[in-house]
Amino acid sequence: MMPSLNEYLMVSGLLFAIGFAGVLMRRNIIIIFMCLEMMLSAANLSLVAFWRFGNGNGMPVEGYEAQVLVFFVIAVAAAEVAVGLSIIVALFRARCTVHVEDLNSMKG
Amino acid sequence: MTIASIILLLPLIAAIAILLFTRKRATLSAYVSVISAGVCFLLTLGLISGSGEAGSFTWLRVGGLELKIALEITGLTKGMILVVTAVGLLVHIFSLGYMKDDAAKARYFTGLSLFMFSMTGIVLADNFAMMFIFWELVGVSSYLLIGHWFQKNSAAEASKKAFLVNRIGDFGFMAGILLLWGATGEVSFSGLEQVLDRETFDPALLNWAMICIFCGAVGKSAQVPLHVWLPDAMEGPTPVSALIHAATMVAAGVFMLAKVTFLIIEAPVAASVIQHVGALTALVAALMATQQSDIKKILAYSTLSQLGYMVMAVGFAGFVHSGDVLGASASNAGFFHLYTHAFFKALLFLGAGAVIYACHHEQDIWKMGGLLRLMPVTAITFLIGTAALAGLPPLSGFWSKDAVMAAAQNNTLLLIVGAMTAFLTAFYMSRLCTIVFLGKARSQASGKATEVPLVMRLPLVILAAGAVLSGFKFAYGWFLNPDDLPHPHGALPLVLTVIGIAGILAGYMVYRGRDRDPIKVEVFARKFYIDEIYLCLVRLLQDGLAYLAKAVDQLLIDGLIVRGSARLTSGVGSLLRGLQGGNLQSHAFLFGLGIVVIIYLITITFK
Amino acid sequence: MSFIELIIIIPIVVAVAIGCGGPARVLSLLAAWANLIFGVVVFAVILFKGGDGMHFQSARVLLDNPELTLGFAVDGMSGVLVLLTVIVTFCAVSMSPENPGKGSGKLYYISLMLIAAGALGAFCATDLFFLYAFHEVALIPTFLMIGIYGHGREKVATAWKITIYLGVGSLILLGGFIALYVNLSPSGGLTFDISKLATAQGQDPLSAEVQKWIFLPLLVGFGILVSLFPFHSWAAPAYASAPAPVAMLHAGVLKKFGLYGILRVAIPLLPEGFEAWKGLLLVLLLGNILYVGFVTISQRYLDRMLGNSSVMHMGYIFLGIACCNSIGWGGAVLMMFAHGISIALLFALCGSLRERLDTLEFSRLGGLAGSMPFLAVAFGFAAFASIGLPGFANFASEITIFFAAFSGERGFGHLQIATILALWGVVISAVYMLRAYRKIFQGECIEQSQASDLVQAHRLPVVLMIVILLLTGFFPNIILNIIPNLFGAL
Amino acid sequence: MFPYYLEICVVVLGVLMLCMELFSGRRSRGKIAMSGVVGLGVILALMIFSVCPPGDDLQYWGIYYYDKWAAFYKGLALLATLLVLVMAREFAPVFKHYTSQDEEESGLGEFYCLPVFVCAGLMWMASAKDLVTIFVSLELVTMGFYVLVAFLRRNVGSLEAGVKYLVLGALSTGFLVYGIAWTYGVSGTFSLEQLGDVLASGDISVGVVMFAFALLLVGIGFKIAVVPFQIWVPDVYQGAAMPVTAYLSVASKAAGFIVLLRVIDPFLAVPSLRDPVVYLIVFVTCATLIYGNLAAISQKNIKRLLAYSSIAHAGFLLMALPALRGTGTIHGPGAESAIAFYLAGYLLMTMLCFLVLTLVRVATDGEDLAALEGLGRRAPLLAFAMLVGVASLAGIPLTVGFFGKFFLFNIAIQNAMQSGLWVVVFVAVLGAATGFYYYFKIIRAMYWEVGVNEGGVSEIRVGRVAMLCIWVLMVAVLFFGIFPASLLGLTF
């Protein structure tokens, strides 16, 4: 039996929540970054699920816009990783740390 | 340009001229002022003999309001203007001697001229607005002249006090004028009289209005309870006391009341208030006078007392006796007393001034004595004035006091008060004369006193003549019909004469040969503690309220509301800044929290 | 360019010129002289042609929707205030020091010029928007002047207070203006033109309820600008801290803007709104006169006392406005003029005293008349003018206002009771003024009384102000004749 | 000419600049910035003379729209980028201090090129009416900013700001994509026009739609810095290089607003959705106004202060939104016009302030208010320019900032009279009043205070182009403050 839309959405929501929880809880910026990517993946999953069940009668939506967006998201995520990691590397070179608690020179 | 308006404006021009051009040259300034007073006196003679054309000038016009500087010449006016210019001229002349060596002579004469202008304005005013304007202006000139020696703390305080107490009276005066204006839409005296004749008004309103207007007189004529400024005003130069605080300005209240007799007649309650205030002042002031030791203060209290007489008499204009209103005859009696009083009281003050001048500015009577020998002209004229004040026939005071008592003769209580006052008057004047002129000198200064120069003697002599003659018909008949005065019942004049003589004798017996006061009544000497009570009241009410207001202002309005809200704002700001902890994950948490809040808001707005 | 535009532009041009390096004091004096002459000419023209109509009209449409016009014109009321502004500006500039302390005097004179330009623009603008905008222009110069050139420990706090307080007032006012013009504009198109709005009010007035609620922000906003009780607490400390010329301009001129606005905008456009709040206004103005009067009595420093006294006198002007008849409004305008000059004079003298003495605390002063006769006499004139002595314009305006309250209906209502109570303020002001005069100039001399008298150059403006007060006091019709019948126009 | 040539031109310009960088060796990179400035100027002129004003609303491939709003915001983006390049050139000494004194090593060339690419993204955003396009262009911009913010690689603050911006930016991207997914799930389309049709048909689950809308709001709200998504702003503004801060605060906000206007429009058009959306906006507006204004009060760091001020300005801008698509008529400029006008004015005054601050920053090593002390005497012209800018930010009349606020208040008050939303007006008045305080604090620092280190500070040198820009901006702020019609005319 094929899973229904709700189940996909549940999984994607869970993924999203896990990612978000990771962002909130992990101290290592790299892991936080991974969690962020997970959130994007969760969004991708719902996009595809919505596309697949979007027509109301259980059939896919016409056209492939959703997939296009998914590809864009993946591409953007990749770019984000590239930029992000380089920033993190620069940070590490300057501060010798990748822990978020150490980033507290500005406040108030 | 009518004669009246020249009389009005000339002193002002003199004052401005001194201020602008001659203030550096004191003697010239003095002559400018004296000449203007002299010309005014001559013009006055022309005015009172002629038909008396008045002038008018629209001072202020806006909307339906038109306030005029308009002159009105009636019998009262003529009598009063003569008093003002005649006494004024004499005081000017006297001042030439008295103020000869004063450093600020120019300022003094500017003040005198300004006063002459203001006083003339009151006298010639045809409406309340104009009268109020000049009413205030005499207050200022009085302020300037009392405070002539402003370096003295007492003089500075006295001038301030005089002005402020007068302002309190003026507050009532203005309120009364406004009430009348609100009811009738008129401010001119003739207009008001016509309106009151034509229409009927709420008597309560008229009574209130009259009482308020009377407040003005209470202030200016120093009636109880606003009498406190006048004794202090003796800090000014003595000629000023003679002119302003004896003969003219303080009488302005009586003059004003006499002018509005038509209103007093319509307001019986107010009239009764006026009578009683006048009588009370007369008695209280006389009692206080008996225990003073400063020669000018004695005369000041005497002035108060006499003003009380006049006010009482004017108040009787509204007295109803057996169905008839006494009317104008009573106020005429008051004005008649004003007229005679102006001469003998100015005489007494100038005489006192001469004595003080001779004794090198010594004012304590217990340091004088035996001056009759040393300065006979002064002494004799002073004694004439005393006799007139005591009401001895046939001097002027006798006639006028007679008229006043005749107005009061149907009110037993006030009649008795009047009689007591008459006795006290004679008593304290006799006390004064006995101590100052008889006996032996009690100090070096008084022992070496010499007669004053001619320029000061001359006014004394002229005024003495006035004190003797002004009570006779020929001297007042030209502005006041003797038939319009109240007629005393049978023995009243005789009784008054006896009382006067008794008072003089009593004073002489008690004080002959004494070196210090045998009678000590602390209450009288301390003026019934009224100054102290007022001081307390001012401290308590005015300053207390002021500090309370200041506290409220600083703590509540500025502190709590204004600065408090500023504090609150910046406090909340700091609190909000606290959210910005700088930690990335707390930022992410707040981010998420924000989303939760928003989604929560969405769900609740959907109900 | 019309004559009026010229008057407004001169100070701005001079400010720019000073900024570009011109000699500050010379240029400012030139501008002040020029404006004084032009202002008198404008006044004379109005006097000649009558104050009811608009003169020197000019208009440039800046925006179509909403219609925004950079337009200026003067009628009698504006004319009086323009005259006031040029006179006070002239005196303020003349009384300004050659070298105002910190740094070059450029900023000092630029600020003065901008304050003057702001006031002139606000009084002449025919457009609601620019009426507001020009007034607001003065905010920054005032802030700078108090902050840089002010004195006293509290100058920082007071500079902030006046800026924020007036800023809040202006914003409330702006809100009211927007609500007003949106509701009132004729259906054809939105407009800020006051005369068009007035026409619209005549043809199709707003409902009483709407008027009531729009009037409230206007009352509060203008009230803050005029220091109406209980929004007065900014005024006294600010004037005490400000340099004398700023205190002169602000207390003498700028403060009148709020009153001008009420007479020009708020009441003509929202007559029923005014009716609704009249009772409240009566209470507040009594707060000004009596409550602030008592606060004034309790002051121990001359500068603070003068500041509070200027707050107190605003109550009388409000009373004149609350009379709701042409007499009262005429009196109110006259009083704006009279108070403007007299308070400017007092602050000028206060500033001169401050230059000469270590302190302005009453208990440490005394007997200065001996060493400074001119200052003493001038201060006497100013003090007597301020307490409403006949002969000065202040008296003429006060008495007009009092009479106004009892004109018209022959009843004895709230207005009359309030007036009688307000009358007591005459006593209060005499108490504090004479007390101050007594403490400073009279009595025994103190050490400081060796200080010198006013320098010759500063005597001209002082004498000028005294002469103007006397002239308009003796002949108040000079001013009253050109005051348009504002009330009748309603 | 097709309007999308503009973006292509900008990208080509960026590539050309990169090529210049490639071949310039050790020589100064100033020329690259200048060629960027010239190039952007040419493109701006090209846009003004060839495709502006747009005759009709043009549309290409269903994803690229060119209407008056697009043109206006493209112009803003170009102008902002141009000014940022000018600023960046002046900033070079500080920049090199935190990277490398060596021209080639310092990366100055790339630093000049990046804003140009970001500009292309901003311009594309102005034309996006499709969630996919919005996402892509938004990410292009954001990605550029990640790099720009963190560019000062030897400056800890800059790196920290970069990381914070990166993480929070990515987080908001996540929410945005998730929101887009849900929107797509509800409507089956990415096109905002079709979304409008679907929503209007009423055949929708309101709860889900609002959920999706909230998630979209997160993504856009992050860009325009509204509460509660403002949390990154102070830190990032403080850490980033001065020109980048200016760019963030002006261009990023402007582009965010055009997107917000476009996204919110279909939701507001549906009566059943209107109320919740409006309430949501009102809540956000009030929170933003209060937060931005109050938190700024006690700030001492100028960039942080301007960061809070930027949040506050976002709040003022939001005031106009509830009037969009309302039932009552709004007199005067409509919400879109008012917002556009405000943003244009905001660009002028903020750029003016940041230009001056950049120059001061170069001469004085400090970003606290104290760095401005005595500026009134050290550099009267700069101080006056700053005064004009700050007065405009505070909304003093006869500056463009006043008109901006005026038009917004005009709308908010009219809207309040129709719908009773007075709370926004009250909060805005409170906020504007508070604004007087913290903006005047800058004036105070410049004029009241005598600089502590006066004399010790090196003279402030101003390049000719920067000087020209300061004059132009200053005059523009004042000119449009008296004659707003010409600027407002562009927005109708």
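Some notes on this structure:
For clarity, chains are labelled A, B, C and D in written order, and residue numbers in each chain start from 1.
Rule of thumb we're sticking to: a contact is a pair of C-beta atoms (placed from the backbone, for glycine too) under 8 Å apart; a residue touches a chain by one contact, two chains touch by 3 or more.
Model, not experiment: these values are computed from the prediction.
Closest to the middle of the protein, by Cα centroid, lies chain C. Remark: among chain pairs A-B and B-D, B-D carries the greater number of C-beta contacts. Centroid distances built from C-alpha atoms place A farthest away from chain C. Centroid to centroid, with C-alpha atoms defining each point, chain A and chain B lie 96 Å apart.
In this assembly, the C-alpha centroid of chain A lies 65 Å from the C-alpha centroid of chain C. Chain B and chain D have CA centres that are 76 Å apart.
Each chain gets a centre from the mean of its Cα atoms; for chain A and chain D, those two points are 27 Å apart.
Multi-chain contact residues of chain B (touching two or more other chains) are listed as 577, 580, 582, 584, 588. In chain D, the residues touching two or more other chains are 163-164, 167, 171, 175, 234-235, 299. Annotation for chain A: residues touching 2 or more other chains are 20, 23, 103, 105-108.
Of all possible chain pairs, those that touch are A-B, A-D, B-C, B-D, C-D. Those residues of chain A lying in contact with chain B across their complex are 20, 23-25, 27, 100-101, 103-108. For chain B in complex with chain A, the residues that touch the partner chain are 577-578, 580-585, 588-589, 592. Only residues 569-570, 572-574, 576-577, 579-580, 582, 584, 587-588, 590-591, 593-595, 597-599, 601-603, 605-606 of chain B touch chain D when the two sit together in their complex.
Listed in rising order, the residues of chain D touching chain B in the complex are 163-164, 167-168, 171-172, 175, 206-207, 210-211, 213-215, 217-218, 227-229, 231-232, 234-235, 275-276, 279-280, 283-284, 290-291, 293-299, 430, 434.
Only residues 331-333, 376-377, 380, 384, 387, 391, 396-398, 402, 406, 409-410, 413-414, 417, 425, 429, 432-433, 436-437, 440, 443-444, 447-448, 450, 482-485, 488 of chain D touch chain C when the two sit together in their complex.
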